[in-house]
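Take a look at this one; I'll ask things after.
For reference, chains read A, B, C and D in written order, and residue numbers begin at 1 within each chain.
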């Protein structure tokens, strides 16, 4: 175990995988100078510019070329810089990467990791702040990963790089500097296995990415009021750990989902709908979602803050759920 | 009233709006020869090649230029040919069109209609068959329209063209030839007002686009078995008519949502989750969704058929819902 | 009467040209069978025939090795055959049958045979340009001496991937060959009307990719241009670009009667179609008419049999619809 | 001592140059205030200063009328000021305050002033190229005699919109001016390393858009190139392209110390920075040092005041966060 940041943990994972497998390589703008958030700092010195490759400002080519390179026996890790810019490469991800294996009847494999730093971060405004993880859960062929801790950013990135299918990998910009214990060596975290961030008997709060921490804080507040919330960190949205959620709801009888993405059409709807479908008899109160309002993300700090899913908002919503039954 | 096809109704709507407002124009590949599905047949003869404009194979430019043209006082209707190809223009739609009004503090207006023929149709395979309407409901700033009848294709397209905000307009390829009564003259259908396609007391089936017809057929079958399903055609997914759905569920106590899109992360999740949140006390049985499995769409007719949400599948799921309570 | 040897230009490799002629006929006959399948409603999805463009497929692919990579467009049957794919498996794929190259899951627009390095046709215009750039990138990373080739239409040069993909190949000096089949049309639109500037070659050159223009209906010219380009690429010279001028003798799809172009124009184009042109060269070089007619007959017989086989082949089992989606997560209804 | 008239080149329009000098100083002082705001943590989002590139903003925009259209990039403050936007409202926007050009909802990367035809900076590299092509399209459809201009960086020429947008403008012969600010860098990357071919002008020409290259640190050269281009466009000549070579004197953002480039290179670049160069021309032409120093002083005073005003300005009310989303549907929590 060592203490390191979320960003460093990701870097360690990539470096370890690159040492293990010479076919792993990374490509994106400015990687040779460490990447825009320093996530690649020092790697070009170890691996050279062919394997830690700069790229032109060509998101579509970065992703599209990675599809071709993945189909031709390498394992590219592509850096999209901001999840928002991945919107310049959607055909490449959705029509090509996600479908190639199926469409070609299993002839193609696309072992590709698409790193998409996501979320609200310091007045980054409408085009640099989005959380679009929900979109990719809707696309057959894609794995969707949203690590919330340094340890998971190591273990899940390693698993993503080893995946023979394309993985959309969301790191939250607000967590780069978050510190935590990270297991040494070759530890991977499997897809589809949730983490219980906190146990509780009264209410299940499902979350992922940075919002897990807000949910955990909310749970601490609630504990002071006698409400014991169980916080489940999904870690991966596809596949997602239905069994863990169902088991928790069977115990608590109440479900809330909290995420930073816009609530309408977000992945919270999938979780809430699935629980409503499958745990009807267990539910003592209506399921509840908490996400962003359906507005673009504003620049001015107070307007940006207004959209954040905070511990306070989560606690308030949780109280309402508990008091409804 | 006149009888015409879904395709003709759309054409009539566009022609009427172009006659009414000289700032309305359409642009897309092959429009001068009537468009790939004949939806524009004859229009270039009336309006000339400036207003029924061909385009290079440049979906990103078609959409991106339309954003600039809309911000500069015209009302473009852009043809994406297949909803799948709109994935080549996602930055333009999501980062530009949807956000401009807000991001520029109300200085910009983007009166733009993006026509996206959607859905499974005759062995079109993975890259020409997708139903991605759910994605756009997740994006603040966008209106999302899914007409299911010729009359609605006229009235909603007219409303879309008059909208001062960007509208993503999904026509289902399987309905081009569908005939129906269409009101003469200047009739628009407002956004956010659902249509009750069939009344019933036992179960509410919410749907949109072509699946409305499958749901209606299923309801007829069910009626023969003594189950009276109410079929609600949402018509527009954002805004969507929550009140109509809530009122129906208050009456029937049971909700099912049926759509062609992949079930995971589809808009059915939003409807089901919302009803689960707000109509808990009304529900006699768990909410239920029926969409496609999470697989790319295959080419071979039997594999394609397997994915279709048919009247039979809807009826079967509906029976299960009704028998659960 | 034997043709006097003097009538044969010295540099004609008759065997190579005979093989081209045979392959061009196989492509034509395959396309005709595919059109027939469309007429008989055994193919419901779109078929984009490459009739009239066979010389490009053949002239380019005869310079590629089996382990070289090819990616193609919606109009990809000819390229796939020329790269060495099995016609029987291809026709089964078009008919959506078990035994198809992709078990019937891709169909005409996604025809692929990874065994022969054919990484797929593509339903999205220009998308294969990026994929080829990436395949070439992988080749370079792996230190192999292979070439990745992308064939696309003149309409594709108006999409972003043309710029991004060629720039990519140039910046990384990748072993990539880009071939533009300039048939004058993008669907029902004359590409010239929607294309600014002097054309594909100038665009490639402006991206640093050396370009040549050839008569795409002259298989010898295409063969030669491709040979030179591939040699330069294999020698480490970075990407190359070929524009091959041709004409699409059919409609855009099997369903397109192409009323938007005058009959005269099409008739004229038929007078320059590549198979007859090559046949003339061979005849002039003394090859017997019977030999050439034999190629046509053999090709038709082969493709008739191929079509008959496909018609008789079973549908893929429904389980195929859930296979090869992804390793993680169960995609089935009810599993979620 | 008055400068002898003969030392003034005949074609110098001193008044015009003085106005350029004044405006360039205003831009520089605005950028310095913006950097100060960043240091004081009153701007949290990224600031991309245009220090060293003022001549392009001024030389281009002085040829545009108020009703001409401009769209810009992440590095757009200078362009916006040069197009005539109010510095006070702009600085309030940077600080996210009420009274900002966009009520504080867009910030630096989305700076816009539609009143003066400035349709916005853009956070997505090259996205403004399409928007400008479309604005020009609207101008043509409406039969107006306006011009739409897009300014973007040398990094932008590697994105698809460069090809698609310029091709669009050419195909429809639109009144569009495209200006590439070639400052040698895209963020921390030297653009030359990631750009194939001879450069931006060749790419534009290959798309049929006539191109010229100018010294972007020479405001007179930029002014002249823009004047000619705009005149040609207004005369119905279709789109034009200008590449202006310059150097980014600061880091990519306020937070970037730019350790990836040698100090020598930056020092050398400072010796060619555009304001001092113009000042020299004016001094050589006999303009008093005091006049030129006055421009600097006035600009600093103005921007100090502008910054003080912004600091004192109130936050936008929270209701702004729900305004101007769209007419249909209530976006608020609880409404759905």
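As a convention for this text, a residue touches a chain if its C-beta (ideal position, glycine included) is under 8 Å from a C-beta of that chain, and two chains touch if they have at least 3 such contacts.
Because the structure is predicted, anything quoted here is derived from the model rather than measured.
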{"item": "Farthest-lying chain, centroid of Cα atoms versus that of subunit C", "value": "D"}
{"item": "Between A-C and A-D, the pair joined by more C-beta contacts", "value": "A-C"}
{"item": "Subunit A-subunit D separation of Cα centroids, rounded to whole Å", "value": "36"}
{"item": "Between subunit B and subunit A, distance of the C-alpha-averaged centres to the nearest whole Å", "value": "30"}
{"item": "Separation of subunit C from subunit D, taking each centre as the mean of its C-alpha atoms, in whole Å", "value": "46"}
{"item": "Whole-Å gap separating subunit A and subunit C, where each centre is the average of the chain's CA atoms", "value": "41"}
{"item": "Residues of subunit A engaged with two or more neighbouring chains", "value": "55-56, 58, 60, 84-85, 88, 91, 95, 102-103, 125-127, 140-141, 238, 264, 274, 293-296, 298"}
{"item": "Per-residue overlap in subunit C, given as positions that touch at least 2 other chains", "value": "100, 103-106, 110, 122-124, 158-161, 164, 167, 171, 193-195, 320, 325, 329, 331, 336"}
{"item": "Subunit C residues touching subunit A - in the complex, by the definition given at the top", "value": "69, 71, 100-106, 110, 112-115, 119-120, 122-124, 127, 129-142, 148, 160-161, 164-165, 167-168, 171-172, 320, 323-331, 336"}
{"item": "Contact set on subunit B toward subunit A in their complex", "value": "84-85, 87-88, 90-91, 94-95, 98-99, 102-103, 125-127, 132, 134-135, 137-141, 238, 261-262, 264-270, 272-274, 276-278, 280, 283, 285-289, 293-296, 298"}
{"item": "In the complex with subunit D, residue positions of subunit A that touch it", "value": "29-30, 32-33, 36, 54-60, 84-85, 88, 122-128, 263-264, 293-296, 298-303, 306-307"}
{"item": "Residues of subunit C that touch subunit D when the two form their complex", "value": "158-164, 166-167, 169-171, 193-198, 202-203, 205-209"}
{"item": "Subunit B to subunit D touching residues, read off their complex", "value": "23, 25, 50-51, 53, 55-56, 58, 60-61, 63-74, 76, 91-92, 95-96, 100-108, 140-143, 163-165, 191-192, 236, 238-239, 242, 274"}
